[in-house]
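Accompanying notes for the structure given below.
So that you can tell them apart, the chains are marked A, B, C and D in the order they are listed, and the count of residues begins at 1 in each.
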Amino acid sequence: MSHNSFGHLLRMTTWGESHGPALGCVVDGVPPRLALSEEHIQPYLDARRPGQSRFTTQRREPDRVRILSGVYEGLTTGTPVQLLIENTDQRSKDYAAIAETYRPGHADLTYDAKYGLRDPRGGGRSSARETAARVAAGAVARAVLGDRVTIRAGVVELGGIAIDPARLDWAATGDNPFFSPDPGVVDAWAGAVDAARERGDSLGAIVQVEASGVAPGWGAPLYAKLDAELASAMMSINAVKGVEIGTGFEAARLTGIENADEMDPGPDGRPRFRSNHAGGILGGIATGADVVVRFAVKPTSSITTPRASVTRSGTATEVVTRGRHDPCVGIRAVPVGEAMMALVLADQMLLHRAQCGDG
Amino acid sequence: MSHNSFGHLLRMTTWGESHGPALGCVVDGVPPRLALSEEHIQPYLDARRPGQSRFTTQRREPDRVRILSGVYEGLTTGTPVQLLIENTDQRSKDYAAIAETYRPGHADLTYDAKYGLRDPRGGGRSSARETAARVAAGAVARAVLGDRVTIRAGVVELGGIAIDPARLDWAATGDNPFFSPDPGVVDAWAGAVDAARERGDSLGAIVQVEASGVAPGWGAPLYAKLDAELASAMMSINAVKGVEIGTGFEAARLTGIENADEMDPGPDGRPRFRSNHAGGILGGIATGADVVVRFAVKPTSSITTPRASVTRSGTATEVVTRGRHDPCVGIRAVPVGEAMMALVLADQMLLHRAQCGDG
Amino acid sequence: MSHNSFGHLLRMTTWGESHGPALGCVVDGVPPRLALSEEHIQPYLDARRPGQSRFTTQRREPDRVRILSGVYEGLTTGTPVQLLIENTDQRSKDYAAIAETYRPGHADLTYDAKYGLRDPRGGGRSSARETAARVAAGAVARAVLGDRVTIRAGVVELGGIAIDPARLDWAATGDNPFFSPDPGVVDAWAGAVDAARERGDSLGAIVQVEASGVAPGWGAPLYAKLDAELASAMMSINAVKGVEIGTGFEAARLTGIENADEMDPGPDGRPRFRSNHAGGILGGIATGADVVVRFAVKPTSSITTPRASVTRSGTATEVVTRGRHDPCVGIRAVPVGEAMMALVLADQMLLHRAQCGDG
Amino acid sequence: MSHNSFGHLLRMTTWGESHGPALGCVVDGVPPRLALSEEHIQPYLDARRPGQSRFTTQRREPDRVRILSGVYEGLTTGTPVQLLIENTDQRSKDYAAIAETYRPGHADLTYDAKYGLRDPRGGGRSSARETAARVAAGAVARAVLGDRVTIRAGVVELGGIAIDPARLDWAATGDNPFFSPDPGVVDAWAGAVDAARERGDSLGAIVQVEASGVAPGWGAPLYAKLDAELASAMMSINAVKGVEIGTGFEAARLTGIENADEMDPGPDGRPRFRSNHAGGILGGIATGADVVVRFAVKPTSSITTPRASVTRSGTATEVVTRGRHDPCVGIRAVPVGEAMMALVLADQMLLHRAQCGDG
């Protein structure tokens, strides 16, 4: 019952702080004889890596992953896979001021309330830097899933500007610095981010993650339902404030007639859905249709505009957060959302196999 | 790692099907020497009970709870509390038709895909009837929380008609059949529900659950964060398709300046927030402000308007769901949402005490 | 993390007190489409049932099991199986004296120390009566294991009188009231038990449990090793004070040369062991040889000879335990040990399948 | 449900192979504000370190521990503590022969059966080298326990030669290379070990671990009983084949009159036991008397005397294990047993606090 673990059978435990010597994770329950090496993991870390465009933080971390255990001669052995990423760009600076003040929107106040102390360097454990470990673990989860499942993700709304669903093209996400599946919004988003930064402000975003090839039957009712697991997975990402499946909140505004995903017999005799309001999940179990999740990322809390706050000792103050910060943390949340999707699905695949066989 | 369990230290395991002899739950980890009796639990079951207005299903279940263990002379003993509710209104009817057809929006298809068989009587395990066990367990969780925490919940949108936030009055939820905190919408909602039923249709809803008195520090980062636990809890309720915390999805449309919850020193020296966009949670840990969660409930899938579907053997068919169904399942989800809030908070209270003491 | 649960993927949670209205368990994770009915479970409860000879307690309980969920038309559905056994022979008597005194060897003192109160009726939760629920769950585990695994158990030592290993005949255990696999000791054991009871005394025993047909590979290193799971399972049975695997403690007195289980190629090419000091387990994983476990059961603590004790309020007293008690609790521990073996093996079977497939 | 994790609330997950680049563990659930540094951990690793006398393996590892996370300015922060130990003495050698042959008593066969491959270098994950991570985690557990609990351990029997219980002196364990609490046996043990090695043989041992200061009430019935947890903890150590509590297996040979631990009122009004057959545990809960555990360690399986075996491809062969091996692995199991005791007790302390408060 580790609080820093995720998953039931494929179980990741992350560790590390933003400015400690290293961070990483141990992934337990990996099936044996899967091909795995640093080369399988590194590309996902590279996608998440900061400093790749002017729209993300300028912290420069190579984020090189090392596999310390669980792999022998290029194959997983069934024993725990420890992944380690060194922190290299730890600017020496004086954290005394931050240590004494609670920045609005940050976990400063709450870590202090919980633990009676905190590591103030770069947010410590509450830093988004922890998500590097998730992305690395997500690559292991992909090895577990194999080729049957394809995961796609992108930003579908930024600063209130949504993509045009009719122009959604997942292949486009690699061609712009926003992971946008609609190239038509890229200029508007770039302008919005630049303007926000200029006025000492930041922007929020909505990320969509989809998976196709999910086998009907994956999901573990009632309290490890596929949708409940995804909700927990995505909500555990820094700055996420909402999660929805399929049509999501809008489904509450449809009527039962409209929301019904009618079915026809498919060519294989299996039902085929005319629509996918359900987002590929009914009763917590996958239908076989694409699994569709969206999550809302609040605007970065670290802004250069002064905000009213309070010191540890209880006096009023103003806070300005300088330093290297993402103007929109939602952008780099895309590979993290993909990783969490992979982790949930691989875990459910193993759970399903355990109870119901491979059938 | 029971899939039918919820919670870490206060752990509920539910069991039972819609039309079996009984359903219930065992709640483990209950602290000793708490006053508990059937009288503490029954009122919450009564609030959830069907058949209390024309806006809910006409199935009539007394839903009397019995405590079978864990209580001696009116006090909890620290051993598992088994709660049992008999099913009494199990209409004898022919389930053969349902057993052969997949109703759109139901878990028929997916239970079949997962398990290769299913109990078709009233939805079996996937029935919302299982939530009676949650509500009973939630009453135990309230005993664990004691008086420090107050939980409020209601429907804040129904059939696309939202309450007026300016007129939100939690005391009003008991005075109307919709658990609406704004009496001004009651007539409109009644009309919408009646109209939907008349045309063989159903409606969705959005439920809001709040808790005040949550101690700063509750929450277990990083993967049992308070918000991640709430997301998992609410998403596990039947028909829920989205969960958000505080300002939720709208936070993605605010800027960092707007979304910052500025602080002033409170009278006790502790920070006091000017706003609560965060919904009482930062970094997965409670701030001390009200914890605010909303969840979206899709329109009832059981409708009398024919929908295209497929039989088990793969032939096209049309499905009409007759019988006693809630025209808007969101209404009776209110006490369920309250119960899940209580379960999450009581669990986090114990987790916090274990790691950080009572301080 | 329920403390009253056992197992990882096949997970039993027991509940109930000795003199409450009922006791039972919920078994989660049961694979679907297994034949299961009360008739599959009852024989195991009958074997454990008290009052069947003069060598066990005269409490008379029919111990009829009811399946309340998880089975439909004779097949498991994959949902939780709730098993309920009513307590019928709850003698009305005055527990005030017991409630105020700590009986040596009982959990009176410790439950009081832990919880600040206890249910004194018949030992409450600490009563061996709880093992009825385990035996019922064990029958479900046997359904999961199927025919591939055979479990045998018996008393191999009683009151210091051991069976002759050369005459061990598992088929004999059903023919005597001691579950002895060596009929040659039955008269001596009967005499020893009668003599002990006559002098107000009780006896201990050693129980051996074996399983054949365990697939090589079952076991989950490093902290859910097959032997560690068995040790935990057996030690959790009331009055058990020691557990050993294979040659056990005596292995510490052998040399490496003596203790080596040498191997020859078997007819199927797989290694065949010349001996089984290892008790079928190496590195926490099954070798394919018989899994052999022994556990030591202390003499019944409830004796009619006065023993020095202390009251709740701290004054010296003498305790005599009258009532209906097993003169040797080790006897009725035999079906319990079998059940725990079945639960551990079925759980490991599912864990193995999850990580390594069915291969 | 990581198989490589131990503990409920104080949860250690170990990782690493004997001849990989490093091994270690992450310890989650550590309370905040405890003093912790490498200096607190290193002495325990030094006690376990090989090569300190001629009676242990000549592998020379400095076993320097590094804390990579969870500690800030000398205090624990409540976040996961990652401990890393580099492997430095990895002799380059040809493992091809070992990789093809199953050494009797080793996990070669079973890892192969389970995973279909294995890391043959020095036993891979099944090597006793993994226990270095446990010892490091045990030091963290001691920080959690604080000064209230004192843990003592030693070898009480070696090669069939037992200490004289009347001369047991825990202070003596540091003065001889066997951790013997009775200096009188040291010469006999040294002679036995030397003789065994000379004839290409090895010896077993029995280790006793005791804890005083354990608060009455610690223990989590029914399936995380203090004794069941200890049994699981000790049985998970390499080469352990039996575990017993208090009088253990011998209790099965006592009568109820003899085995009763009679009580007198202590000076504080609390019961004081005249004897401790129970080993400090009744009903799975600590009585306040010393917790006493013994475990049996089989003779080292790596011996230079040829033993009959089988190759992976199924042909008969003989195996001789050369290299640097402990002639009696029981000796270095002493610090490991202490560490497991500390881990179990610290975990139970937190569990007790969660459910029952600090009272």
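To be clear about the criterion, contacts are C-beta pairs under 8 Å (C-beta built on N, C-alpha and C of every residue); 3 or more make two chains touch, one makes a residue touch a chain.
This structure is a prediction, so every number in the text was calculated from the model and none was measured.
Novice: When I count C-beta pairs in contact, which pair ends up with more: A-B or A-C?
Specialist: Of A-B and A-C, more C-beta pairs in contact link A-B.
Novice: What angle, rounded to the nearest 5°, describes the rotation that places the Cα atoms of chain B on chain C?
Specialist: 180
Novice: In whole angstrom, what separates the CA-based centres of chain B and chain C?
Specialist: 39
Novice: So how far apart, in whole Å, are chain A and chain C when each is placed at the average of its C-alpha atoms?
Specialist: Here chain A and chain C have centroids separated by 46 Å.
Novice: Which integer distance in Å separates the CA centroid of chain A from that of chain B?
Specialist: Measuring from centre to centre gives 26 Å for this pair.
Novice: In chain B, what residues contact two or more other chains?
Specialist: Residues 1-5, 8-9, 14, 29, 32, 78-79, 114-116, 125, 221, 351, 356 of chain B touch two or more partner chains.
Novice: For a test of understanding, state which residues of chain B touch chain D in their complex under the given definition.
Specialist: That would be residues 1, 9, 29-32, 78-79, 221, 350-351, 353-358 of chain B.
Novice: Could you please specify the touching residues of chain C with respect to chain B in the complex?
Specialist: 1-5, 8-9, 11, 13-17, 20-24, 26, 28-29, 32-33, 66, 68-70, 72, 75, 77-82, 114-119, 121, 124-125
Novice: Would you mind writing out the residues of chain A in touch with chain B in their complex?
Specialist: 1-6, 8-9, 14, 102, 104-107, 109-111, 113-116, 125-126, 130, 157, 159-160, 196, 200-206, 216-225, 227-236, 238, 240-249, 251-265, 269-271, 274, 277-279, 281-288, 296-303, 305, 307-310, 313-316, 330, 351-352, 356, 359
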